[in-house]
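Next come two complexes, and both contain chain A; in the first it sits with chain B, in the second with chain C.
And then the complex of A and B:
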């Protein structure tokens, strides 16, 4: 009797547990119904008309530039034509020609493509280094953090532009890959600092402590647990960085230390304006490139700022 | 406070040493040494090697490094490969120009930042504020060199209000009033171009600082005591917000260095930035190294000064 009673009680308990389990899954489903990071980013973007417009504009520019440069005959553009030097805009050349008689419009398209590509590449590379560095420093804290941050301080105080220029000028067999690596070597610090301060907060949270207690390896906690949790911050930082990297690249190319001469960038077109004659009388060579850089940087920033607001619940508009 | 200053100083020395090692290694990686350009190609290689031995160019790198650092401390930055004169002589004329350009830029930066930040913070969320915020937003996204090109194009070439290059009109003699005026006139447009872009972060900082302080208890107390609105802003709020901004000048040095490289190139202003670019293009690496060393050290010391001043003005920063 007692046994049966006991069994039935056990069964009751079992039933209660099942019930509890159901509730658990329900509440889990509820949290899944809550907007996740990416959804918040998207809804914020949709509510900010300027950012949405910027995003569409960016997509249009990217598709247009990559599409056209695919179809366009690039040798044709790079060919020097001495009979059509410095032609103002006309039907044949929409944006006129430069000192070699080359079509400025074609160079603008290819330059935009090159500037964007290098921007994406450098942002990605410096993002990877910065995120890893920041996560490790923030997660471990203490002495490791202290040492890593002193290294970071040192890199950050160095005059970035000068060192890139020096490295670019002494590297033998200078290529675009070499350029992006040098660029990356001096541009990961901002990301690292931001991610580190976030990781410092994150490691105090219960899930990290729980994982540690369970004996999960540091590597797994850092890259499989903490990193996904701050992914929205990473996306925001990288977006804002893309804007500044496009600006920095065009600046370096403007000074003549960016892309090799054979590949035009937006900065290359602007560098023609260091010739006073060109600056004063031939606006069609440099002004469109200047406008293009501004449009790109502002548009990327608009998107980035909207995303940044989305990661901070207090600033959200949606 | 002293503890913080000492700790901060202790960090600075390794930074300076690291910088010097970095530059020294760069110098080793660069083509050419003190003999480059001095040697007649017809001389027997054995004689050249003998000479190299005599000059200590074949010593191991650490001995060379110590010698080099010793030289730097005695003000010897080596010989320019190209002009065959001491690097210090080359730098001397340029550094004065860049110094005045930086001073003018800093003055303009604060002259623009303080009133704009104050207006923006005091009348926040008005049309005036949003137009200032709009300016800072666009200023943040605009690369300095594009802005400077447009400034030169409009004010230098089209309106012809300012000279378009150089640091002084060539026919004037030093010491006269016209000479000084001409120098100032040549400084204005480059300095304004950097300042208008550089100032936006300070404007934003000042604005958010004032908006924050406005709601603090001591301001409410001041108002309750019957202090006039202008007194509240000028005496109570500004005193709190201006000091940190003044201390930022050290951090601005890194931005300024980048700025002068672009600006001097665009306005053909004979300063350190232009010397740097020229030397890189002419592969005159002893000059390049000297300029990087000076600018790098200036940036490190600038950050040190700012940190120390900030720790004095803002007790929150000090280490317990």
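And then the complex of A and C:
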């Protein structure tokens, strides 16, 4: 019972995170007896070399991108320079320039930063809304569940891309925050459904019933008792969602409904490839952006898959 | 006055079916049950699985919706509204010590949960109370910082008991508190429950399917079958003068340790089986349910058909 039991139940993300550092030395022995969820996640990650490599790569890219973009001047990069149009990679421009004479490397870094920021923000916001919504629906059940799920159904049948494009074109001040909020409004439903199904299971367990008889409020039971017990599911879902959310902004920018050209974006760089000339002769404009998107999404996905496996004892490698 | 009085309690579960999810029928989990428990006594509720004994307990404490009937606690009607005062005085011990403790919480937080809900204690007072409670249930102070999975089944059940008695309740509903434990630990937990009953003046509603334990533990016993009472009486009445065939069958099924009684036991079982086959309809109605209870002495009630009694 220890291992199977431990994985779905025993996951206290933040508490263990704190402990992990402290108990590093004795962790080897501890994992044998009663592995807590986070330790299982970590050991699974360590055993899956691809996932471990992905995680390290991801951390390096994130630190690098946020670090460099800190010292970069976005206005400078977005400035059109007619004397340096379509320059191939050189000492001055590491990755050359685009049709406006703008530095592609700078655009790549800022674009990656924007994509990552939007990915993190959308994942976090939709996670918070989805988890709260799903927990409430699943925990109370009955009529409340019915009403909430119909609301969710309504959101799910809306033509997502079309509405986003409409919103994007009517929002006057188009920033990362605005973009994330619009996306969040249409991407919390999957999380909510998943969490609801788990909460439906969880609320039948005796410890929830016990808390009710002990006079604990519903709010406390939902967020202090039930939520910590499904935290492994939350982490895994959020990680896998992150992989798809990173590509969100690029996809829309590629279609021309994302950020304006004054805001560098991976999608804008990619869309230059629709010009056959650029596609064939100026690889430095679109190729790095394509690789960046691919690497980011694959890396996050690898990590997410390893975490997902860790929550299922039968699929674990360790 | 009785501390708990249940009058004609009915708990039905709807059976939903069809496209519109309409209620097509009901499962009568509890079908018209009445009883009362005196202060300081232990009242046993016995029946096979699915007979509705747990549902009664859960209905009283408010975990199941009561379809009809009344529940009085100390003379106050608690059928629909569960005031804070009542919650405090009515606690429950759960069947499964593995799922009834939140695996994410320390023992300290588990036992402190009722205290934090009902009493304003400082951190120091709280720790002191929990130390007392842990000592009462025979666990060390150090257990406080551990998690539930670090304890054995018996220890976990005692932690569940410590949580239930933390507020010094008057009535505890014990829903098969030992059926998940092995026999040696069962005795340990039961003796302990009896000790704290004396110490704190508790009243138990003891739900069980184990007649041996009930005999050891309870003052009054009622036998349930398919949501209805078939027999109700004191321990002596039920065990020495069972009247209903269902009770007789249950009692004859208790294994006897002494091998020299083997043939005798076998004959008794055979006789009971014969009576069951021949007189089935004297004890159960056309739907196979028990009749309503008829008193045959001051405390002893049996579910019999009117005329059967006269025949006797």
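We adopt the following convention: the second predicted complex is superposed on the first by the 279 of 318 C-alpha atoms of A that agree within 3 Å, B and C clash if a C-alpha of one lies under 4 Å from a C-alpha of the other, contacts with A are read in each partner's own complex, and residues count from 1 in each chain.
To be clear about the criterion, contacts are C-beta pairs under 8 Å (C-beta built on N, C-alpha and C of every residue); 3 or more make two chains touch, one makes a residue touch a chain.
Here the structure is a predicted model, which means the values were calculated and not measured.
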Next item on the list: Tell me which partner A:225 touches in the superposition: chain B (first), chain C (second), both or neither.
Entry: second
Check: Looking at the overlay, does A:60 come into contact with chain B only (first), chain C only (second), both, or neither?
Finding: neither
Notebook entry, point to check: Who wins on chain A residues touched, chain B or chain C?
Noted result: B
Margin query: A:147 in the overlay: touching chain B, chain C, both, or neither? Say first, second, both or neither.
Written below: neither
Note to self: Just to be sure I read the superposition right, which of the two partners does A:274 touch: chain B = first, chain C = second, or both, or neither?
What the structure shows: first
Note to self: For A:298, using the defined touch cut-off, is the partner it touches chain B, chain C, both, or neither? Pick first, second, both or neither.
What the structure shows: first
Check: Touch check for A:206: first (chain B), second (chain C), both, or neither?
Finding: second
Next item on the list: Have a look at where A:158 lands relative to chain B and chain C in the superposition and call it first, second, both or neither.
Entry: first
Margin query: Let me test your reading of the model: by the given contact rule, A:177 touches which partner, first (chain B), second (chain C), both or neither?
Written below: neither
Next item on the list: Check whether A:215 is in contact with chain B, with chain C, with both or with neither, and answer first, second, both or neither.
Entry: second
Item checked: Shared contact residues on chain A - chain B and chain C -> none
Next item on the list: Under the touch definition given earlier, write down the residues of chain C that touch chain A in their complex.
Entry: 58, 61-63, 84, 87-88, 90-92, 94-96, 98-105, 113-114, 117-118, 147, 149-150, 160, 163
Item checked: Residues of chain B that touch chain A when the two form their complex -> 11, 14-15, 18-19, 26, 29-31, 137-138, 140-146, 149-150, 152-153, 157-158, 164-165, 254, 257-258, 261-262, 265-266, 276-277, 280-281, 283, 285, 288, 291-292, 295-296, 299-300, 303
Check: How about chain A: which of its residues touch chain B in the complex?
Finding: 150, 153-154, 157-163, 165-167, 169-170, 243, 247-248, 250-251, 254-257, 270, 273-274, 276, 279-280, 283, 286, 290, 293-294, 297-298, 301
Notebook entry, point to check: Where on chain A does chain C make contact in their complex?
Noted result: 1-2, 5-6, 9-12, 34, 205-207, 209-216, 225, 228-229
